[in-house]
Every structure is written in structure tokens, then in C-alpha cells.
Amino acid sequence: MDKNKIKKLLEEVRKGNKSIKEALTFLENLPFIDLGFAKIDSHRELRMGAPEAIYCMSKTTTQIIQIIEKMKNDSNILATRIPEKSMKEIEKTYPEAKLYPESKLAFIGKFPEKTIGKVIIVTAGTSDIPIARESEITAKSMGVGVETFFDVGISGIHRILSIRDKLKEADVVIVIAGMEGALPSVVAGLIDTPIIAVPTSIGYGANFKGIAPLLTMLNSCAPGITVVNIDNGYSAGFFAAAVIKKILKQET
Amino acid sequence: MDKNKIKKLLEEVRKGNKSIKEALTFLENLPFIDLGFAKIDSHRELRMGAPEAIYCMSKTTTQIIQIIEKMKNDSNILATRIPEKSMKEIEKTYPEAKLYPESKLAFIGKFPEKTIGKVIIVTAGTSDIPIARESEITAKSMGVGVETFFDVGISGIHRILSIRDKLKEADVVIVIAGMEGALPSVVAGLIDTPIIAVPTSIGYGANFKGIAPLLTMLNSCAPGITVVNIDNGYSAGFFAAAVIKKILKQET
Amino acid sequence: MDKNKIKKLLEEVRKGNKSIKEALTFLENLPFIDLGFAKIDSHRELRMGAPEAIYCMSKTTTQIIQIIEKMKNDSNILATRIPEKSMKEIEKTYPEAKLYPESKLAFIGKFPEKTIGKVIIVTAGTSDIPIARESEITAKSMGVGVETFFDVGISGIHRILSIRDKLKEADVVIVIAGMEGALPSVVAGLIDTPIIAVPTSIGYGANFKGIAPLLTMLNSCAPGITVVNIDNGYSAGFFAAAVIKKILKQET
Amino acid sequence: MDKNKIKKLLEEVRKGNKSIKEALTFLENLPFIDLGFAKIDSHRELRMGAPEAIYCMSKTTTQIIQIIEKMKNDSNILATRIPEKSMKEIEKTYPEAKLYPESKLAFIGKFPEKTIGKVIIVTAGTSDIPIARESEITAKSMGVGVETFFDVGISGIHRILSIRDKLKEADVVIVIAGMEGALPSVVAGLIDTPIIAVPTSIGYGANFKGIAPLLTMLNSCAPGITVVNIDNGYSAGFFAAAVIKKILKQET
Amino acid sequence: MDKNKIKKLLEEVRKGNKSIKEALTFLENLPFIDLGFAKIDSHRELRMGAPEAIYCMSKTTTQIIQIIEKMKNDSNILATRIPEKSMKEIEKTYPEAKLYPESKLAFIGKFPEKTIGKVIIVTAGTSDIPIARESEITAKSMGVGVETFFDVGISGIHRILSIRDKLKEADVVIVIAGMEGALPSVVAGLIDTPIIAVPTSIGYGANFKGIAPLLTMLNSCAPGITVVNIDNGYSAGFFAAAVIKKILKQET
Amino acid sequence: MDKNKIKKLLEEVRKGNKSIKEALTFLENLPFIDLGFAKIDSHRELRMGAPEAIYCMSKTTTQIIQIIEKMKNDSNILATRIPEKSMKEIEKTYPEAKLYPESKLAFIGKFPEKTIGKVIIVTAGTSDIPIARESEITAKSMGVGVETFFDVGISGIHRILSIRDKLKEADVVIVIAGMEGALPSVVAGLIDTPIIAVPTSIGYGANFKGIAPLLTMLNSCAPGITVVNIDNGYSAGFFAAAVIKKILKQET
Amino acid sequence: MDKNKIKKLLEEVRKGNKSIKEALTFLENLPFIDLGFAKIDSHRELRMGAPEAIYCMSKTTTQIIQIIEKMKNDSNILATRIPEKSMKEIEKTYPEAKLYPESKLAFIGKFPEKTIGKVIIVTAGTSDIPIARESEITAKSMGVGVETFFDVGISGIHRILSIRDKLKEADVVIVIAGMEGALPSVVAGLIDTPIIAVPTSIGYGANFKGIAPLLTMLNSCAPGITVVNIDNGYSAGFFAAAVIKKILKQET
Amino acid sequence: MDKNKIKKLLEEVRKGNKSIKEALTFLENLPFIDLGFAKIDSHRELRMGAPEAIYCMSKTTTQIIQIIEKMKNDSNILATRIPEKSMKEIEKTYPEAKLYPESKLAFIGKFPEKTIGKVIIVTAGTSDIPIARESEITAKSMGVGVETFFDVGISGIHRILSIRDKLKEADVVIVIAGMEGALPSVVAGLIDTPIIAVPTSIGYGANFKGIAPLLTMLNSCAPGITVVNIDNGYSAGFFAAAVIKKILKQET
């Protein structure tokens, strides 16, 4: 459309209907969106195969439903941090939606059938599973292969050792841990796969709602670990899927 | 060697020189290192093509030189956070070493001639360049293609906009910024390439030696950003190279 | 009145009814309020055309109603941070009041018909709108022109770019953002209008209830940005209106 | 120049030397800088009458001199946070420069002769003067009238009371304070002029290098106060001058 | 009683019924409480005329009532931080108790009729009154004269100026403030009476539940200010009364 | 079982059914768990005589009951941080369980009849008792002698002095304190028994949910104090019992 | 002088040389300092018998000497936080000055010969002595009796117990401690004298330059403790002397 | 001596030279030190076999030498945190002293020849060795067996796995780590020996001088870990030795 606007302008210039000065002025003041920015944005979603994501935390149920309505025909939708009330409304309105109430998550649409690459998601404890689910569904919705191993924290270190070979098969490993958050460092000591670490707010006292594991992960003595925000399973899943798709697309 | 030990044991078992019970006990108590762990470790370096890294901050010049001596025939060496005095000694001892004094960095060895993939490194300001260099040399030493764009911070937003197309070519973009650290968010708004954000301790007052940009990056509203420790250019470069090599190796 | 007191004193001195020493003592001990301080205070409100503001957070409904009752004939009233219960009582008691429940805000009175200057208020997300409303109503109640643009955050950077020309028309721009709070820096890179940045407590994890965007804004590498307290839309609106009125009044 | 490029393109289109499709592609891919962004940037400096500012903290003396050399014919230059060594070099190289060593500041160029508006800068203590000087020179270099009152902190409250009438004459008041940083709140209780508060790192113990006054200022119970980063006299001066120039230019 | 024990021992020694070695052993191992420590403790309460204080925050209603029961015949009782449920129970059980529900405070007993000295308590806002009441009742219960002035914060500085002469009459002034907590500094600039500053958790955003005013008060540039914990009206009242009684008792 | 696997392998090797190379490969890749890691883990519990501990905070009632069901025949069970709802369910399901609702604690099983060593647990206030109970039950369940002294804080220092001789009898003393947390330092000044300090979140204002006593304890000027996490009575009890059992077992 | 101005005005009014309106205007606009504020200020110093205090930390040697010169005939002078260089200059210029280099303190003048009241200053360690000296000299210079006990920290609790009777004689006790800062709480448990606690920055690790003892002191479970800023011996000494003089003056 | 004083008193009582009332008064006021407290203190050192420890950080060389002089005949001496200058002086004055300059440590005296128990000290990196040495020398000086393993951090996890059997032999394991401080958690997952964790300030960026590993260790999901202050090797060594000696002495 924007492209059409410019095309018409150029035609007018050629026809002599528009002076060069006029055209120049128009082009200089052309809103950036008209240069294709808006498209880039939706293109990005398309190219990445990522669903539209709605961060629901401070939105009303009405707002959330309206946004879903507007987008659901064009795109898969991933709604995160859904308040309890809104979750119930989504359940009623979209019976076909896949709901993950413990993760405050809903997916409306279809997961891609074909996947490329492989992300492995491990959690230190069972309490970290809701965050892991956020990573899992995000990556899955972007067409990447996902496998999960829960409750393999280091207090019983054999648990993580026993899946070492599995972990080596992954393109990227997402390690999710609360408490002291040492699991990513340990995993990084075992395998050479790049790790995305997700600190969770699980713990008490000097855990400070996730600051302790966040600092642990940032300070890891093992290279090859990057970190996302506390409890941000979504971002870890997105990055993991995006990096796989980006690298494979460019090379093939 | 360790393998040989086990081999000999098995031969003794076959010959009947060692009872099965004896062998069982030996195997159960076998130090883990004898199962190949130590090799795994060096294998990892070999497979990743990563140089041996020496973190020099709290080591004496003598210690640093000793470690280099011991490793320099087997591996490339990347020495980071080199104190001024030690830097001079390295310069004297290894005239062939590549030195980056502003980054407190030295590379002893040869960069791989053939590279795969492409990492682009951008900095917000000129003051962030020493950290960027750490990322650059690390990634380069691992055999990954690297391109750098310095001083493209958002106070003159056209600077980053003008290299947008370049950035799209990268497999991974490393964005390095001090002050308020907003550049990664802006870049994430422009391109669909995964971003590794490096906060730097450049700034004053409420910058708190890098805490401000660290928080900015962790809280980015754009998905697809992961973060490493303040001033940790090494880890960003390592992750970027590792993720490219991991993904490409598995698929090809 | 106070003035009259002093006038009478001086007349008594002239008439010789009061000794100079007596007058001197009186003047020395004259409570400062009698020199006009109290009036200055209400004058200030009048000159600025600002409504009386009631900060309701730790006040009882009864207290709030009493204060409104006492002031409502002399002045417009802006009640901020109204607890839910009190909001309902205000609604019942003053059906003519303009209520903004999501902003916990009520305005009792009439907005000035004539406005001078122009404040533009932008928010990064939809969740920031309640804070923006506080700025909007405050500035509007002081007789300043206000325009708002919501949800133009940098994750889709074309949104802010597309209103760049609009923003240039403003005397002052108020930029409101939670999460990582990078929008003010970006806006400052686009236009030369002074910016008042308002961090909001929207976000999670390492957002720390608004500390992350607060630090981002304080550390902005772009000059021409000043900052108010987390979620303090009122103060931003007040400052913006006050600075316009102050500067224009003095010059015209 | 960029404009010329587009002009030529349009002429080629008119002449039929370039197909519309070709032109379209060119325009779509036109680097943003070619649309005038770079100019906008320098235009901004010109329109604001602000000098080019060089933040010298992490730059080498050579870098600083090079930047000055490149810009000094086109623009006034304000160099801030100059390291001691570089200051000496600037003194030697530019004998005409105005140097403020205690503020680590240098101004190379001519202050505008005609000024508009009036900024008053007050400091709580004598130790805050170097920061105040940064504000003063910045505002002065932008062509705004400046007056300063130093050491009028609240421990002797009569000092600030005695200049109350003066303060009322200002368009904007910059209040600079370390220790507990209460002066802006007190000034805001005395006058109706908008206040920009600058916390300084002067103090000890629980001052935490300026965090205490920063928090004080952000939490001020008086409306009409905005805050800049700790010790950031430059940003306060810039904002004050910018807001005066912006508002007066648009109205006159 | 303890005294009697020792007396009896000495009598036994004199009579020769107990060997000196035996007595020596007994005395060496004498529990300290028997040397009068326990009495000292209750003596202290008696000498200071302070009521027994019960900090109720983490006690059950049953525990609170039991403690009151045990002490109420021997002493006045001041119960602080009473949970809502317990408050109701106290009201029912001790109809004669003086209750201050907004301060979560109850006084069971009689205030001393005769008072010495004078404490003046001022608050910055109306929201600080519950804390002030804690100081007031504590000091009053210890037999010290108390006067209160509420809502005299610095946003309307004439309010505090107008009571300056009153404040001078006090032996000690308790200044209670939330938000930015600047009132103690201002009062210290006006009078030469020692000040006890009480930060309150009133405020929002970067107030951080009282940390902002706490830091302000600790960093006050005016000497003669000491500080107690956030919201700790009890301790301020206790110190003020104790210092008056201590000093006057020793001298008269 | 795992042992059997290896045994069978060795037998196959002896019989010549398996080549040495095959066996070697198998052994190299043997999951670590097969080397006995998993057993080690349960062995540890057995050797230490510690009950299985379930941290219930973020588990559902169903999950908790399932875990208890699975383990209750093989081991004593200690469930900590039990949510209220789950506590009721445990009460109903296991009428024989020992419940400590104020400590959110349940013990299912039998305390060892014979104990060795002695741990003394002291608390500063009555509010610290629930945490103390966690230490007490943990240590008791591991077969160690426990004695408790509650409410012996330093505001009445004779209380702690009076039990000094008792404290000397302990092998390890656990000192639990909130508020300013000074009791461990005082106890360390009185006796030569090693001390484990537990900070609690009891207190208000600048207590910061236990950070104040945590820092106090970490900074104690007395040697021989180690610290566990805020409110972590479980870990203190476990360490105390473990150190006694470890040392006594090795020597006897 | 100011008084004279007003007197002359009143005389002019009486004589009819000045109209009442003229006088009124003059009085209304009279700078506050002319109403006696400046005198109040110096009066305060006189009444309190406090020396002029110069906070030297961020002043040049020249500035310090100039201030001393200007004041030394009218008042005793207490210079605090003197940089090393300035200390030497003061020594040279004022050979009669009393210097306390470890406390960065100088007193120029004469200590009052007659003293009233008694302040006792105790320190936990020898490292706290320089801060104690600041308190001591400040109080002494204000004419209050001072006694000191150093190195009586709680790691050897008998040290503080052995001076218990001495402490009881004081009107006010100043307790100075670094590390964990528990001494004030212990002293408060021993005596009924009001305590001013001074945290010092002595310690390491989690002491955080005095934050640990500051929090300890603020959270003390003993009432009757107030706190000043970290290392602020001056303010503690000033408050102690001021409160004694204020209370005794008003009653006698 | 003190004992003698009381003995004499009792003799005087028996003889009738002293009235019972007189004796009673004397005994009641007897300074606590006379009851044996001072002796207890030195007894403690003797019983524990611990050397006198001098914390040298804020002491002058003269003070340090004086203290050593006074004590060196009665006791072994352990001087910690010795400033460089003082270290040289100690070297000169006590040529027989054992010096550990990298640990800022000196031991003057003789290590006990016979040892009991066994402490194993492990460090994550080579940079942690100076802190480990502090633990080692402290424990050794108290007569406990010590073994050390350096640089066994988790980035190469086989290093710690390979010494697992060794670690099991210890009575107590001290684990020292900087960076992210995850090693204690990992060790706790491998062995059942109680662990004392020492965070070090080794690291950069978000390590925050040891806060990151401190939090990691406090939040460890493995029970049986206690923590000492950042870099406090002395306290860890002291606790480890003390707990072994205490437990073994009581039982044997």
C-alpha cells in the first residue's frame, strides 16, 4: 500500500503532474512507516514464524479479548501472564485454545507441524516447571523441536549427570533454576552446548525474589551462558527458537 | 591412557587373572576423570575451536606466564583482564602475541583462516570499544566471521538506522552499551536477529558501575535479547561463536 | 489583613501611641505567616491556575470528603491515588465529578476553557495509560493544551518514528514507560523538545517495581531529559504545565 | 547533497531514464541518513544553539583533541568530565579556551552575546559549585541568561529565604545539593517557578555517593520538581536552556 | 530474695556452718540473675516510669492477653503494633484500655499526673499522625509533657515557620516525615533544640517504604539530629522521655 | 541392579561373548547413575539418618500427598513450608503425623529413640519460635539431642547470661534472632561452643525482611559463627545434626 | 544592625519623614535576614556554646584557611574531615591549634573551663577511636563533661560489663561500633541511660562500609537508642551536648 | 587474684571484721570481671588452643607490634589483614614468624604437633587461594588436621568429581569460591560432609565484590551448608577447628 503511494507519486512525476520539488518535499516528509517499517514488523513475525504475543499482566479481560479477536485470523496468538479472571474468560470464549493455567499462558492457533532444530529445557526443581512451560510453548509455537527434563537440580547431582548425553544433542539448552541458581554453571561444565539461563523467583529469605539466581547466572565462571530476566520463560524460548531459525535459514 | 587402564582390566578379566568381583569394585570406584572426563574437557575446546582462556585479574605475572608456557604448544591462548604489569611481560616474552592493551587482552596463536557464520558487534559509544574488542577477538579466535560498528548509540538514532540492513545479515548481533543501555532494545525493534546484550560500566552517578544498563537489558520489552555480565565481552563473543558453530555443525 | 495589622502598627507609631521599642519587638516577632506567607501559598495556586491537589493514599474516605467540602467552592480539586472505597463515595457525593478509576483520579471543577502551550504525552505501552492520564488531567486542569499518544514503545520502533513530526510541535513532551524504560532516550534522539520522563512500575523480575526504568531514564545518554518519581504522572503534568505558564507569562 | 541525490533520481524518472520500479527500489532502500537524518542532527544543534558536547571521561587525550579539531570551526564546543592530563593538553593546544578545572570543563568558542530568558542556579553548599558551574556554562553557551547563588543550603534557612524574591524572577531554577538533598523541596515550598534538581555525590556514610539526595529529590512532596542524574550539571543546564528556547520560539 | 540468699550464705560463713571454699564456689557460680540482674531490669522500668511494652506484631491474641494479664497489676502496659483481631479482643477484655486503632496501639493503665519537661512532636503530613501518636502516648506514659503539631510539612513552608517559637520551648523535638523526609533538616535550621527524626513509610515509587526519608535524615547537613527506625514512633517517644528524665534526675 | 548390569558385562567379557572393545565403549558411556550415584544419594539419607525432606512452598496439595505416599514406607518424612490448605489435607490423610502449624512443618514417622550429641537452640524473641521449631524437629529427626531456650534476647541481657552454663554443655548452639540479630555475637562472647546463626524476618522498617540480622550475623566480630539463610531453621538444624554425627562417627 | 535599620525606619515614620505606605512596603519586602534570621543563627551558636564547624572534605586548603581567618576572632572553630594537605597547612598557620590527625580534626580556640553534665563515649574496637575522638572534642568544645572507654566490644563481653556502673553515671552514652555494630543493643540491655549509636565503616565483606552496623543499630530491639550517619562522630557529640545543655538550661 | 579478693572478704566476714551488710554490698557491686569473666576469656583461648588473633586492617604498625610484644610469650599469635608496610615490619622484627603475604597473614609461634580431626579446604579458582590459606593456617594453629585442594571449580566439573572420595574423609569441608559461588552447592550434592562456604570478592561486574557468591551460598538448595562473611577465611577455619575440638572433647 505504502509502496503503492510512492509508486503513484513516481508516476505522477513521470507524467509531469507533480513537480520535482513537490515530490522531493513529499519524500522528505514521508512518515517512516510508509517506507515499510510497519510491514517489516509484521514481516518479522511471519519470517520468524512467531505467534503474536500478548503480555496480559496489566490489561483488562476486555482488552485482552479485543486484541485476540483482532489478530486471531491472521496469526497464532500466545497470551502470557494471564490474570485468573481473564484465563476463565479466554477458556469460555475460545474453547479450542490450549491453556496452561499454572504458567498463566494460553496458545490460540496451531503449532507448526514441521520443526527444525532442537531446544532442550531443563529445570532445577518442580517449582520451576510453570516457567519452563512458557519457554516450551513459545519455542514450539515458532516451529522448533523441544524436549524437557524437569527437577534435575544439583542437590542430587546424578540427576543432571544422567541426562548429559541427551543434553549434548540440543542446539541450545535452556536451564531454569530458582534458589541459588547454580544449575546453568554445572550444565555448562558438562556440555559444550550454548546455554540460556532463566532465574526464577522460587526460594525465600536472601533469594530476594530471584535476584540471587540472577546474579549467580550472570557471574557464572563458565563461558557460553547468557541470561534473561527473572521468570522470563517467554524470552528464553523466543531467543532459543529465533537463533536456531536465523542461523539455519541463512546457511541453507 | 585411562582408556588403556580399563582395556587392561578387561583383558585381565578375560584371561581370568582378575576376578569379576575385583573388576567390579575397581570400576565402581574408578575416579570419574579416568572415565574420560578430563579428555572431554579438552575435547570440548578442540571441538569448539575455542582458545584456552586465562582470566588474569587476580593472577601474578609469574602465574600467567607459567600457564601460557604450559599450554601454548597445544592450543591458541586468549588472556583476558591482564594487569598492566603482566601485559608488559607478555609483550616482552611473546613478541608474536597480538596485544589489545585498552581491552587488557592478549591473543597468542593463530586466528582460524576459514570462518563460518557472521557475528556483528555494535557499540553505543566509543568508550565501549575495549569491551567490544574482547567479544571480537574471542569470536574471531573461534573461527566465526566478525564485523564491528562502533559509536552508533541512540542519542543520534540515525546512526543505528543507517546500518539496519547490515545488521540483518548477521547470525547473531552483540550490542554493547553503557549509560542507560537502551541500544539493544532499539536494535531489537529494528531487526529479527537474536541479540546478545553486554552492559558496560561506562557512565556515572546512578549508572552504578553498569547496574543501570544491566537492568535495562534484562527488562527489555523486546523478546530475543539475552544478557551477559557487566563488561563481559568475552562471554558474549564466546556464546555468539558457540551457538553458530553448534547449530551449523549439527545440521551439516 | 496581615498587611492591615502592620499598617495599624505604623499608624500607632506615627501617632506616638506605640513606642518605637514596642513596635520593634512586635515586628521582630511577627510570625512569618503574617508577612504574607500563607497568602503567597494560595496566590501560588491562583497564579498557576493549578487545582488544589489531594493525595488520598493514606487518608480515610471521611477525611477526603471533608477536605473536598472545605475547598470545592474556592478552587478546582484534583484528587489522586484514591482508594477504591473512597472513589465510590466521591462518585456518590459529587455526581458532577470527572472520575478516572483506572488512574485512581478524580477532578472536581471545570477545566479552563482557554489553553496556552502544548504538552504531548506518550506512553510506551497500554499499561502505562493510567499514569499518563494523571499527567494529562493535571496539565489540562492548569490550562495547558494536551495531546496524547499511547502504546508507541520501541519494540515496534516505527510507531514512535511515525509521530515524530507531531512531537516536534510540543513545548514539552512527557514520555511514560515501564519495563526497561528506554523510550525517553529514543524520543530524545529524534526531536529537540525537552522531555520529562516518568518511569512506571509496569514489568516483572528485575524491573524491581520501576527501579529499572528509573535508572534508565536518569542515565540517558541524551541531554534534555529530566525525571520524576516512579508512577508520578501528577508531578510530570504539573511541571510541564508550570514551566510553560511560567515562561510565557514572564515574556508576554 | 542527499536531497540532491533524490532530486536527480526524480529528474531521471521524469526523463524516463529510470524506470519507476527502479526508483521505487532505490527509495525503499534509501539509507535513512540520506533522508536528512544526519542533518536533522546537526540542525538540532544549530536550532538549539547548543555547542557540541564531548563527554571526555573514557576518552584518551588524543581522541579528545581530534574531536575538537574536527568540530571547532563549525561549532562551539563544550568538553565535560575532562581528565586532568587532557585538561592540560587542551590548555596548551587552545590557549583561547575557557577552562574550569574544578568542574573538569572546557568551553571552546564564544558565548552568545544576546540571551533570552533567565535560569537561576543555586547550590546548597560550596562543595556543589563545580557541578553548578557545569550547568551555568552549558546554559550560557546556549544563549540563556544565568544567575548563580552558592551556599544557600537549609542548615541556615535564612540564606535561601533572603533570595526568595530573586528566585521568583527566574524562568527555571536549578537547585543543586548533596548531603540529604532537601534544598529543592524547600525552594519549591517558597516559589512557584519550576525546579530542576541535581543531586551531588557530596557527603559521606549513608549518602552513598549521591543516592540519598537523589531519592530525596525524586520523592519530594512538592510538585514541580524534576530530577537529573547524580552530578549531572550538564543535563540540568541543557534542559533549562532548551525548555526556555523551545517555549519562547514557538510562541514568538 | 536473691539478696537474702547471699545474706544467708554470709551468715552461714560467719557461723562457721559453711567453709570459705564452699562459699567461694557458690559465689563464683552464682547465676548472674541472682546478683540482681532481673531486678535491675524491673527497676529500670520503675525508675524510668516507663510502662511495660509489648510488641504484638507476631504474637497471637492469646499470647498478648496472657502477657497483659500477668503484668497489668504491677505496671502500666503499652501494647504496640496490635493486629486488628487482637485489638478487638483487647477492647472487649479491657474496656478501660485506651485504644488508638490507627496507630495499632493500646495503653492499659494510668498516665502519670505530674509531668516534667516537654517534648514537641511534629509531622510533615496527616498520614504520619498514627506514628506520631505512638511517640506521643509513649512519652506521655513516661510522665513527660507532650505537645503535637500535625501536617506542617515543607511543601507549604510557612506552616513550620509559624510554629517556630513554640518549637523553641521544647526540650526535645520529634519530627516525623515520610515522602522525602526533609522536614527534620528544615526544623534543625530554624531552632536549636535537639531533634529526633522518625522516617515513615508514607510515599510511593522511589520512597522504597521509608528508605528515602531514612537516608535523608541520616545525611542531614544540620547537626543535632538523630534518627530511629522507619515508622518507629515508639522508640522516638521513649528516647525523648528517657533523656529528659535522665538528665533532670541526675542534676536535681 | 546397576551393579548387576556391570557384573553381567564382565561375565560376558570373561566368557568371550563380548569383545573388549565393546565393553570398553559401554563402560565409557555408562550413565553416571549406573555407577551408583542414585544409590549414593539414598545411601546418604540412610547414613545420615535424615528424613526425606519435602519443600512444599510451591507445590500443590496433590503433589505433596503423592510424594509422601511414595516415600513414607521407606523413610521418615519432614515436610517444610506447608501451605495452610495442604496442612489440613496432611492432617486428615495422616492422623499419626506430628504437625507444627505455626512452623508450617509436619513430621511423618518416628523420631530415633537413641540420640547422640547435643544441640541447644536459643531464640531472641517469642516470634522466632516457629523457626526454632524447624531446627529442633530437623535435628531431632536425625537422632541428635536437642534442648531449647526461647525469648532470651539481649534487651534483657540477664536472660542469656543466666543460661550460660547450660549453653556450654552443647556441641553446637543454634542462635535464632530477628530485629537487629545481635544475639549470636553476644552468645559467642560468652561461650566457646560453635554457633550457627539463623536470621529471621521478624522486625519492621529497616529490618528489610531479615537483611539487617543477616548482615549483623555475617559481620560478627566474634569468630566461630556461621550463618544460614533468612528463616532457614531447617538448614541450621540439619547442619548441626550432620556435623555432630559426621565427627562422632569418624572417630568412634 | 538590622535591628537598627528597622528602628531608623520607625523613627522616620514617627517623624513623618516616611509615609506609612512606604514603610509598609519596606517591611513587607524586608529580606528575612533583616528580621533577625542571621543573628538567630549566630545566636544559636552563642547560646549553645558550640564552635563554628567547618566541614573540610571538599574544600581547598585556601578556602579552609580563609574561613578560619574570618571566624577565629569571634568563635572557637572545629574543623572536621580535614584532607592531609590542609592539615599540614593548619598546623603551620595555627601552631596553637589542637590537632587530631587520625580523626582528621582540628580545634582552634579554647575549651570551656566549666562543664555541665556528662557524656560517656564507648567504642567497640580500637579502630573506632578516631570517630570517637570527633564526638569527644565536639562535646567538650560545647562545655559538656566527657569520659571515654575504648575497645570494650562484645567479643569479650566482660569488658563492657565491667564498666556498667560507670556508664550509669552518664546523662547520655555515645556507643560507636563497626563490624556488626551490636554493642549499642548490649549497652541498652545493661543501663537505662539514653544511647546515641554511631555506626562506623570498620569491617569488610558484607559490612558494606558501615551499612551492616547502621541497620543493626536502627533495628535494635532495645528502646532508647537513636542513630546518626555512618562515621558521623561529630553529629553524635553535638546532639549529646546540645540535649544536655537544652534540658538543663530550661529547668534551672 | 579476684578469687583471692573474695576469699579474703569471706575470711573477714568469718572473723567478724566485716559486717554481713558490708560484705553483701561489696558482692552485689562486684565488677563482673572479678567473678572470673576475664579468666574465662583467656581460658577460652587455652581450651580451644586457638592463637590470639589480631585483626590488623585499621591498626598502625606500632600498635600491631605493641600487641604482639605483649602477647607473644603467652600465646601463639595470628595476625590477619596485615597492611603491606606492617608486614615488612613484622618480617624484620620477628624473623621466625611464618608469613603469608598474599593472604596478608602472619603466624608467630608454633603449630601444635599433634592434630585431631580433619578439615579439607577446596577452592574454586586459583584466585581464591589467599583466602583458603587464612582458613588453613587458622585451623592448623588450633591443632586440627588440614588438607587443601585448589582450583577445582565447576567450570571443569571433573576436577571436583575426581576428589570426591577424598572429600568424604573430612570431618568438615570448607568450600571457597568467588564468581557465582556455585561450588559449595555442587560439593553438597556429592558428599554428606557438612560444608562451610566462604564467598570471595573475586569476580567483576554483577559479582558486586562478593555479594553474588554470598547470596548463592545462602540460598543453596542443598542442606548442610553454612556461610561466613565475604573473604572471611579466618572465621571459616576457626569454626571448622572449633566444632571438631568441641565435639571430640565432649565425647572422649
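Note that the chains are named A, B, C, D, E, F, G and H in the order they appear, and that numbering of residues resets to 1 at the start of each chain.
Please note the rule applied: a residue touches a chain if its C-beta (ideal position, glycine included) is under 8 Å from a C-beta of that chain, and two chains touch if they have at least 3 such contacts.
The structure presented is a predicted model; accordingly, all values stated were derived computationally and were not measured.
Enquirer: Could you name all chains that are in contact with subunit B and with subunit E at the same time?
Expert: Chains in contact with subunit B as well as subunit E: C, D, F, H.
Enquirer: Which chains are shared contacts of subunit E and subunit H?
Expert: Chains that touch both subunit E and subunit H, as defined above, are F, G.
Enquirer: Between the options A-B, B-F or F-H, which interface matches E-H on more than half of its contact pairs by residue number?
Expert: Comparing each option in A-B, B-F or F-H with E-H, the repeat is B-F.
Enquirer: Please report how many Å separate the Cα centroid of subunit A from that of subunit D, as a whole number.
Expert: Result: the chain centres lie 39 Å from each other.
Enquirer: Taking the mean of the C-alpha atoms as each chain's centre, how many Å separate subunit B from subunit G?
Expert: 55
Enquirer: Could you list the positions in subunit C whose residues touch two or more of the other chains?
Expert: 32, 156-157, 205-207, 211, 214, 218-219, 229-230
Enquirer: Okay, what are all the chain pairs that touch?
Expert: A-B, A-C, A-D, A-F, A-H, B-C, B-D, B-F, B-H, C-D, C-E, C-G, D-E, D-G, E-F, E-G, E-H, F-G, F-H, G-H
Enquirer: Using the touch definition from the top, list the residues of subunit E that touch subunit C in their complex.
Expert: By the definition above, subunit E touches subunit C via 126-127, 156-158, 161-162, 164-165, 202, 204-207.
Enquirer: Along subunit F, where are the residues that touch subunit A in the complex?
Expert: Of all residues in subunit F, those touching subunit A are 29, 31-33, 37-38, 40-41, 57-59, 63, 81, 199, 201, 210-211, 214, 229-232.
Enquirer: Which bits of subunit E are touching subunit H when the two form their complex?
Expert: 3, 6-7, 10-11, 13-14, 16, 20, 23-24, 27-28, 30, 32, 35-36
Enquirer: Flag every residue of subunit G that touches subunit E in the complex, lowest number first.
Expert: Against subunit E, subunit G makes touches at 44, 47-48, 53, 117, 171-172, 192-194, 196, 214, 218-219, 223-230, 234-236, 238-239, 242-244, 246-248, 250-252.
Enquirer: Flag every residue of subunit E that touches subunit D in the complex, lowest number first.
Expert: Going by the criterion above, the answer is residues 124-125, 153-157, 179-182, 185-186, 188-190, 203, 205-208, 211-213, 215-222.
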